[in-house]
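Next up: some structures, all given as structure tokens.
Okay, so chain A shows up in both of these, paired with chain B first and chain C after.
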Partner chain A sequence: MTSLFEQVKGSIVTADSETLETLIPLFRAKHSIDEMFQGVVYPALDTLCHRLQERTLAIPDLLMGLKAVHLLLEKTKAHGFSPMRDRCIVLGVIEGDTHDMGKNIIRDLYTGYGYRVVDLGKNVSIETFTERAVAENADVVGISTMMSTTLTRVKEAVASLKRARPTIKVMTGGAFLNAKISADIHADGYAESAATLMANTELLFS
Partner chain B sequence: MNQLTSMERVLLTLKGEETDRVPVCSLAVGVSRGVTGVGFPQFSRDSQAAAESMILANQIVGDDVILCFTDLSVEAADFGQEMVYPEHSTAHPNYERALIKEPQDYLTLQSFSPASGERMGAYLDLCSILVNRVGHHTPVLGFVYGPLGVLGMMRGMEGLYRDIVDHPEEVKVALEVITTVLEAFVLEQFHRGVAGVCIDTLPASRSGVSPSQWEAFEGVYVKRISDVINRCGILNAHHGCGFSPYFKEVKKWIDPSVYSFADVPEDCRNFEEAKRRYGKEATLMGCVSTELLYSGSPAEVIRQCVEQIDLLGRNGRFILAPTCEFPPNGNLLNARAMVIAAEMAASGTMDTSWVGAA
Partner chain C sequence: MISIHDTISEIDAQRVLVSLGYNGTARPDEGIRNQVDRCIRKASGSFRAAFKEVPVAGMEAGCIATKYGRIQSKNFATIARGAETLYFCLVTTDGDEEGADDQCSDLLETMVRDAIGTVLVEQGVERLIARMEEETGQHLCLPFSPGYCDFAVEGQRLIFSALAPRPLGVRFDETSWMMTPIKSISFIVSAGGAVMERNPCKFCSLTRCFMRRTAS
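Moving on to the complex of A and B:
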């Protein structure tokens, strides 16, 4: 018989929100929030990312899976729960760019994996990135852009963040960027895809 | 060095015949505004200004195809989506005021005549100017954004991708209306004399939806658009700059004569296999990295172009081009470097070992 852990995880991976809603009270009656993250959310996100990398899952399916994770965290009030990882990520799309789907996927993945996430939204100024990163004592700032016309601003944002706090880690992501450009603008890391996000993030601290 | 006109070079390439050199399509569109000093907003909306920019840029660069394109907001703007026209970047939707805010809004889209639309009408004027001025010696390629892309500009791609799963029927109602308008749009482009039309289907890749989702939500619709192009007897081209493009599905529904692409196709292991599988009957167009065109030196661009010509240009049927639009804030000298690379490859002066040696 499939365990409750497997059933909840399965309903997330298949984005079956109806089943998920039925299972949540049953699960919470028996298990703690910590067990939920360790036994359900992390494995479900790992599966989604693995399937994305293996090309057996597409972006719409990933979005629906992340929506299911969001539903689980909302229903269990786990959004307010102290994160598993004592790290803060500040995210945003740089000023001049409004493509935020990639950034939102990254936000939902970080949230699901238990990071404290501060989402600054899109079209975010360099000043806002810097002020909020310092105010939130961020460990990592993720700057996203899909355009070449905004690359100069990304570079300036990296420099501004490093001036404000030299130890802060800055990660970039977006269609136009790659590892070389990220290195050229002195970012600490590059998030190539959702599938490799966690590995790329851990590299920042290795 | 150049013995053929651009028109002759491109036509021979499409027929798989020998040419004096590989044709080049620099896709230097937005960046061309720099040669006349116009800003992005004027470039997007002023046909005469855009045409002067594109023609002069083509003369400076010396490439062989002019893509008649300003930005991706043209079609959605005329459906009523509010656009933002920044001075230093390309036009984009104001997603704070998305035309489609909820699934029921998909049912409200209305069909219209493209020539009556402010942006599409201006685009058609641009086609006319380009064709009349340079179309006799340089192919002018029309452009249409695929129905899913257009719909994404009105809903936001994230919302649209969720709706494909949660509200597929409503999405299809909107796609039906959009496709009807786009069919008329490519017909109007034909009437302006373009040599072909390029259909952009970004979602037909791992950057978009799954292959089966693409077939159901775009393939079936773009087939109707490509049918119009084929009935007109002009070039049926395809562009997709996503990761791992779905050539197999694109061939099934569009069967383009030209594939403009950025990455190894989903069903191929590498570019060599892509050439073997798709480059015999169709012409491949690519794949110079836009990142390199933005940040690299002309010497580095030449080296990569020569590698691309060696890799994809064997046995003809190849047009050297960037993986996507030439970076709008890039250095036009790197577009010129692409043409120089094509000339070097043809003349046998392909030794690029000196690149970076200093």
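Moving on to the complex of A and C:
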């Protein structure tokens, strides 16, 4: 018989909110918030990201799964109680670029995994990135751009953040970027897609 | 500059799904398909387009001279060889399908609406080219945009200088060259009376380019 963990995880992966709602009270009666994250939320999101990477799912399927995670966290009042809650991620799209779809997906994925996320939005100046990252005591700053023309600004933002706090980790992402360009501009990491985001993020902390 | 306002009554749902990432082994489930259909029904389908005829002033290897400046692109110069004239063009949507995240808390719906905006403006470009061919009796090549292939993104300035100050209300960022509304496409096409090669990608050596067009 399928365990309750597997059933709840399965309802997230398939975005079956009706089943999920019926399972939540049963699950909470027996298990802690920590068990919920470790045994359900993380494995479900890992599965979705893995399927995204092997291209058997697309981003909309991941978003449906994230909606289910959001429903689970709402119903269990677990927002802010994840094991990742002490890690702060500051995200934004660099000045000159307003393509924020990718950044928003990354924001929701980090939130689903329970990180504390500060979303600066789009068209964000280097000064704002730096000031907010310092003020929020960010562990990671994620800078997104979809355009080659804003690369100089991304490079300047990385330098500005490192000057402000040398230990801060900066990760870049966006259609035009890759690991080499990211390394060339002295970023600490590069997130190719939502599918590999968590692995790329964990590398920064290893 | 000639401008038109038109409507795409049938936004291509299959293209929207491809734009959402369903272009290989991933298959959209019924919920996603329904959401796409629902958003398409709500979309206005309205787009605006502008174009201007720009005579060729001269041609050399990898470069075409016009009264507005030089188009530096070996691939476009190759396809435009023998062309009688060029057209500088712009297509934009009314912005209904973008900036949706400001009004909509549902990221999935925002993404679907964004994909619809992408497909709408692409279908708008196709509609404009078909209409120009019909009205001018000329054969046009496929659209060639600044920032793609070997046409530097700075070519944006050339197109805008030929059209009008803020044509159709569209503007671009002086540093990033990004247009607002986002769902806008600026491009050039070559035109001639004789049937010409239409696809500039045929002359391009970047065979793995993700924008490569296979249509002839």
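The rule is simple: the second predicted complex is superposed on the first by the 201 of 206 C-alpha atoms of A that agree within 3 Å, B and C clash if a C-alpha of one lies under 4 Å from a C-alpha of the other, contacts with A are read in each partner's own complex, and residues count from 1 in each chain.
Everything below uses one rule, namely that contacts are C-beta pairs under 8 Å (C-beta built on N, C-alpha and C of every residue); 3 or more make two chains touch, one makes a residue touch a chain.
Remember, predicted model here, so these are calculated numbers, not experimental data.
J.: When the two structures are superposed on chain A, do chain B and chain C clash or fit side by side?
T.: clash
J.: Tell me which partner A:Met101 touches in the superposition: chain B (first), chain C (second), both or neither.
T.: Both partners, chain B and chain C.
J.: Which partner does A:Thr149 reach: the first (chain B), the second (chain C), both, or neither?
T.: both
J.: Regarding the shared-chain residue A:Phe176, is it in contact with chain B (first), chain C (second), both, or neither?
T.: In the superposed model, A:Phe176 contacts chain B only, not chain C.
J.: Once the structures are superposed on A, label A:Asp184 by its partner contacts, choosing first (chain B), second (chain C), both or neither.
T.: So A:Asp184 only meets chain B here.
J.: In the superposed arrangement, which partner chain does A:Asp61 touch: chain B (first), chain C (second), both, or neither?
T.: both
J.: Do chain B and chain C touch any of the same residues on chain A, and if so, which?
T.: Correct list for chain A: 15, 55, 57-61, 63-64, 67, 96-98, 100-101, 104, 147-150.
J.: Within their complex, state which residues of chain A touch chain C.
T.: 15, 54-61, 63-64, 66-67, 96-101, 104-105, 108, 147-150, 153
J.: Report the residues of chain A in contact with chain B in the complex, numbered from low to high.
T.: Chain A residues touching chain B: 15, 55, 57-61, 63-64, 67, 96-98, 100-101, 104, 147-152, 175-178, 180-181, 184.
J.: Quick check on the complex: what are the chain C residues that touch chain A?
T.: Touching chain A: residues 20-22, 24-26, 28-29, 31-32, 35, 101, 107-108, 110-112, 114, 147, 153, 173, 175-178, 180, 182 of chain C.
J.: Under the touch definition given earlier, write down the residues of chain B that touch chain A in their complex.
T.: 84, 86, 88-90, 92-93, 95, 156-158, 161-162, 164-166, 206-210, 213, 244, 266, 290-291, 294-295, 327-330
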